[in-house]
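What follows is a short report on a single structure.
As written, the chain order gives the labels A, B, C and D, with residue 1 at the start of each chain.
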Amino acid sequence: MAGFNKVVHSYEDAMAGLQDGMTVIAGGFGLCGIPEGLIAQIKKMGTTDLTVVSNNCGVDGFGLGILLEDRQIKKMVASYVGENALFEKQLLSGELEVELTPQGTLAEKMRAGGAGIPAFFTATGYGTPVAEGKETREINGRHYVLEPAITGDFAIIRAWKADRYGNLVFRHTSMNFNPMAATAGKITVVEVEEIVEPGELEPSQIHTPGIYVQRVIKGNFEKRIERRMVRQD
Amino acid sequence: MAGFNKVVHSYEDAMAGLQDGMTVIAGGFGLCGIPEGLIAQIKKMGTTDLTVVSNNCGVDGFGLGILLEDRQIKKMVASYVGENALFEKQLLSGELEVELTPQGTLAEKMRAGGAGIPAFFTATGYGTPVAEGKETREINGRHYVLEPAITGDFAIIRAWKADRYGNLVFRHTSMNFNPMAATAGKITVVEVEEIVEPGELEPSQIHTPGIYVQRVIKGNFEKRIERRMVRQD
Amino acid sequence: MALSREQVAMRVAQELQDGYYVNLGIGIPTLVANYVPAGIEVMLQSENGLLGMGPYPTDAELDADMINAGKETVTAIKGAAIFSSAESFAMIRGGHVDLTVLGAFEVDQNGNIASWMIPGKLIKGMGGAMDLVAGAQNIVVTMTHADKYGNSKLLNDCTLPLTGVGCVKKIVTDLAVLEVRNGAFHLLERAPGISIEEIQQKTAGKLVVDGDIPEMAFS
Amino acid sequence: MALSREQVAMRVAQELQDGYYVNLGIGIPTLVANYVPAGIEVMLQSENGLLGMGPYPTDAELDADMINAGKETVTAIKGAAIFSSAESFAMIRGGHVDLTVLGAFEVDQNGNIASWMIPGKLIKGMGGAMDLVAGAQNIVVTMTHADKYGNSKLLNDCTLPLTGVGCVKKIVTDLAVLEVRNGAFHLLERAPGISIEEIQQKTAGKLVVDGDIPEMAFS
């Protein structure tokens, strides 16, 4: 049973092995579905020169944004980074490198990385700065760009429920990039709201099968809301 | 509401528009998860010169195998066709063309077809007859084959439950190729065991979102077992 | 008179058809959801992984795990589906979304669109816009016809970095509805009280005015 | 004496490690599940979309919607996951499966394998075998050392159409355990009572015999 008990009990164990210069793929969209405690642990460890792959880089003072404070991120691969001032400052000063990637291409690059597809063609970005320096090809009358897959030394994700095998279920739209990120890490670490017994998750309703997951830790989440909108009813 | 009520009430309506020479992608693995009634309707319609894309071609007298009886299939794209004698006979006599495709590549080609990825690289089949005539490329020291996507004029699939929006849930391992087939048809027709009200399916537990589905019909299934194995307990 | 933001949204809403799957961008496009014509139903796709987006939540419904692509809290309608970003963009890239409505800085007469980056200003990123314009069956662009200095946004050639090539089919501005076809902007409708001359004057790209051009109708 | 099918499976089972995800092919590989060593746990992957395959069902459990890649009715263990064929082969192709055990017609000293097609006989198709040999971290081949006419199946070069190139790491036959490395078969173990001479005589490809070659141990 030891071999399949992936639950760890400290953030130190959860992120053990992370080293300077590694690539970390992070799940989440904005502040939704982000592994808050794992990010905090990376800040605590002080690991530097990281390449971070994530749709966004959090906000000032929360989410991945906190890794900017001590300049732990060398390069960011993201689709949208317009939410924090520190990011802008480090980008303009040349301390931070950014590779802007269309959101759908980013999701597909992670999936491809996990699925053993080293590269794929997409129409997204053809004729734009995104295609510069990349191979393009006309297929059946449309133009496409060849995009390489992404894999990471670590993937850090958030899920709702996990069992000790690492089977995962996500809650509502906090799913977003988490399932693909999970597949693309050499070591995939999942921070969850709840750990359940094997068999409690209906097999055909598992979003991420445990084979992709190396470590599971139970976290506590602030779940900060980025744009609180309510209607009066 | 009319625009999203995808439920049809006859097999004639379900397969309306199918014409000689079209490409039909079918879900199912062996006899598990196959759209029995939709296949029977194609037999009844007598449509010919079909290209059928499916992991298998049923067995003699059941599943896609019945479309061989009146020679409705011109070409079969499949990974394994060793289960029926009529298939063998038509193949050897030259009445039937077959394009053998590795199972994982077949699944990925359907997914790519539905996802707007016209082609992708895979290591599967490199150095084998599957790669003959195809572009190959070395990426990071491994050899890969470029595989084109598959799309169909029709996709015929089986699901467990559907709502009128076409949202689908599959039962156990009858899922198999059905979700990818669903995405790759210009017209995707789903035969289901049960039609439920919108809202009965938990949104994050829907396997196939309704956007991929054009028609839903309630069927009755024989669910023939190909290899019945039981243990004595 | 030039249309208000709400009127632009109202006019765009006339492009909706029953059973359409629609992705609405941030800004004016978002308002389109308020003007879906009576008797038709559309399903809103939000690219972070939600098909069947509903209104903002009540205080009681508020849930940090339920947001839209603008990172706003939202709800899901009955019959909604929630999925991963890869699945969401499979839908978009695969051409399953019927209509995308989005804003732009510039559009040109060949259907090119620039909407994500102004060099020299901060680069925020393209988000899902490049996938949306490459993937949707129909792209409608909403924007003011000219910028605040009076410079046309309908050009011969976009000057800013592109979001997509040859993808824009229709443009709804505060002055006009135009179709992009055969290397030109074809004027289809005028805003009430706006003259063809004014539209001509504020359109830098090639404008085709063929026959009578009706005023937009807001019933 | 040459090993029985069960003994080959028992020997292959010694390759299992605690926590391994394993895909077992049809035939002898399937038997490996019966000999998982005490104290370790492995998870069986069936490529039609099941991770955590259990034993055959009882009559009461029998369900047509629950099959394995051999199209046999099966069960799922507690903690199993079920998914689509695309997801299943994402796992396989992406290198997440630790070990694949499968049969073969021929293997050669460069790790090439031929297992799916004999020209002139009916072509049944490769099923998932090509993906499995291209994707798994470790490939163990089980087969008889020679065919029924005494012809070696361990060759310089495969003569039949290939399933995969340079992918076979280890071979367990009825006579020996061999590792494929540096363009040769390296003899690791002999079946009890089988001489090196007999193995040499039945191995057409380059065989390296380095030092003492122990007999297989079946505890």
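In this text, a residue touches a chain if its C-beta (ideal position, glycine included) is under 8 Å from a C-beta of that chain, and two chains touch if they have at least 3 such contacts.
A quick note: this is a predicted structure, and the numbers were derived from the prediction, not measured.
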| item | value |
| --- | --- |
| Centroid comparison with chain C (C-alpha atoms), farthest chain | D |
| Interchain centroid distance [CA atoms averaged], chain B/chain C, Å | 35 |
| Centroid spacing, where centroids are CA-atom means, of chain C and chain D in whole angstrom | 55 |
| For chain B paired with chain D, centre-to-centre distance based on mean C-alpha positions, whole Å | 29 |
| Set of chain A residues in contact with two or more other chains | 108, 111, 115-117, 122-123, 171-172, 175, 203-204, 207 |
| Overlap residues in chain D, where contacts from two or more other chains coincide | 50, 76, 82-83, 89, 92-93, 134-135 |
| Touching pairs among all chains present in the structure | A-B, A-C, A-D, B-C, B-D |
| In the complex, chain A residues that touch chain D | 1-4, 111, 113-117, 163-165, 167, 183, 198-199, 201, 203-204, 206, 209-212 |
| For the chain C and chain B complex, residues of the former touching the latter | 17-21, 40-43, 45, 50-52, 76, 78-83, 87, 89-97, 134-135 |
| Contacting residues of chain C [partner chain A, same complex] | 46-50, 55-59, 62-68, 70-74, 76, 82-86, 88-89, 92-93, 112, 117, 122-131, 134-135, 161-166 |
| In the complex, chain A residues that touch chain B | 108, 112, 115-123, 139-140, 142, 144, 148, 169-172, 175, 203-205, 207 |
| Complex contacts: residues of chain B adjacent to chain D | 29-33, 55, 78-82, 88, 91-92, 98, 100, 102-108, 110-111, 122-130, 143, 171-180, 207, 223-233 |
